[in-house]
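Chains: A, B, C and D, in written order; residue numbering restarts at 1 for each.
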Amino acid sequence: MSVRVQSARFDAGAELNAFSAGLENAGAVVSFTGVVRDREAGGMVAMEIEHYPGMTERAIAGIVEEARRRWDLADALVIHRHGRLVPAEPIMMVATAARHRLAAFEAAEFLMDYLKSRAPFWKKEIGPRDAAWVAAKDGDEAALGRWAAREQ
Amino acid sequence: MSVRVQSARFDAGAELNAFSAGLENAGAVVSFTGVVRDREAGGMVAMEIEHYPGMTERAIAGIVEEARRRWDLADALVIHRHGRLVPAEPIMMVATAARHRLAAFEAAEFLMDYLKSRAPFWKKEIGPRDAAWVAAKDGDEAALGRWAAREQ
Amino acid sequence: MIDCLYFAWVRERIGAPRERVETSAATVMELVEELRGRDPRYGAAFADLSALRVAVDQELSGFDAPLAGVREVAFFPPMTGG
Amino acid sequence: MIDCLYFAWVRERIGAPRERVETSAATVMELVEELRGRDPRYGAAFADLSALRVAVDQELSGFDAPLAGVREVAFFPPMTGG
């Protein structure tokens, strides 16, 4: 299991290969990469990501731990950047490996849903003349519900 | 959209990067890689994958088309190998890109479920002294049900 | 004339990947019955139809599919790709 | 003494990323009330508590969380990672 919080850009393909190379007998590898995209209104110059050092690592470790408790994972990887990013750069990445594809897919979606709403990152979109904090979507909080329902 | 059926090994990380580089404004990229893993009984020497040239490409194209109809995808990629593979080699790969992560995840799972049961590939596990065709799992056919149910 | 294709263990039991078959069968099922009558190898390959899948001109079909105008019929076990 | 941390627009409204606060507040809510009384900047930051999240010693908590023994309280909007 590996968790990295960094400002440096990373190479998603190289990370996927390094992750896969270390696996023993995990037939299914799922990855998610989040990429900086333009705002709905267009004209985005950069994205600034603020985070809460200390709590960030702790929160992500807790989320990964919970995923391992729920699914039989061979391995999991989370990389999340902070600082100033420009469009088309990777923001973050999750990878999961399991013997069966359903576990790998579900665990990756679980990690994403929780990282989105429970890891202390805040995104700000910087335009040529304005800047605005990205608002959390109702759907993001709602997405957690599907995992809670399973626990019973 | 890109579909490749090939015997040559491929580099999943390089494919993921090439796929991502071509995207405009798709913030979410999901990949699935299937890797040759050992049999339950152990001692696997190789995996042989037979396919139905002509129908294979046609079936995969139809599955990708259906995924595009159901989700708003920026792009999709399917690579599937045939011939003789050894443990730890990649068997196949799916990548999807969309504006939102749920679409990218769902489309990737849909593609996997359908490739598994509707694309004409057959796997044979070769041991040191024996060989056996991999049997389809009941669960693989059942997995298609979750997509059919959505159509109503 | 119809091209019959066989894959995986169906191919192994029949002993050939494909063959041209002279037939006047109206459906896939009739073609199966005809082949069964020709040689025990077909009997072995087609023993349990529930374990078989069929594609007619490269589209998955049922055993009741008509053969009029069809060029290619393929028999194989459930697929195991992915 | 409690370290108060502010992130995103909470930080911008208060004008500082962190500060040490001398307080005898028993709960987060009492701390919020105390800060609101000190300066209008806090009033602006804490105007709508439903738009705020709080972490106590780096764990997400409610506004009713007790502060006894606590070293660090952070205020921020809903998170937007991933």
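Note that a contact is a pair of C-beta atoms (placed from the backbone, for glycine too) under 8 Å apart; a residue touches a chain by one contact, two chains touch by 3 or more.
All values reported here derive from a predicted model rather than from experimental measurement.
Distances between chain centres, each the mean of the C-alpha atoms, put C farthest from chain A.
Rounded to a whole number, the gap between the C-alpha centres of chain B and chain C is 26 angstrom.
Centroid to centroid, with C-alpha atoms defining each point, chain C and chain D lie 72 Å apart. Annotation: 48 Å between the Cα-based centres of chain A and chain C. Looking at chain C, residues 82 sit in touch with two or more other chains. Taken residue by residue, chain B touches two or more other chains at 34, 101, 112, whereas all remaining positions touch fewer.
Contact between chains, as defined at the top, is found for A-B, A-D, B-C.
Listed in rising order, the residues of chain A touching chain D in the complex are 34, 49-52, 54-55, 58-59, 80, 91-92, 112, 115-124, 133-136, 140-141.
Only residues 11-17, 20, 23, 25-38, 90, 99, 101-102, 104-105, 108-109, 112, 143 of chain B touch chain A when the two sit together in their complex. Looking at the complex, you find that chain D touches chain A at residues 5, 7-9, 11, 55, 58-60, 74, 76-82.
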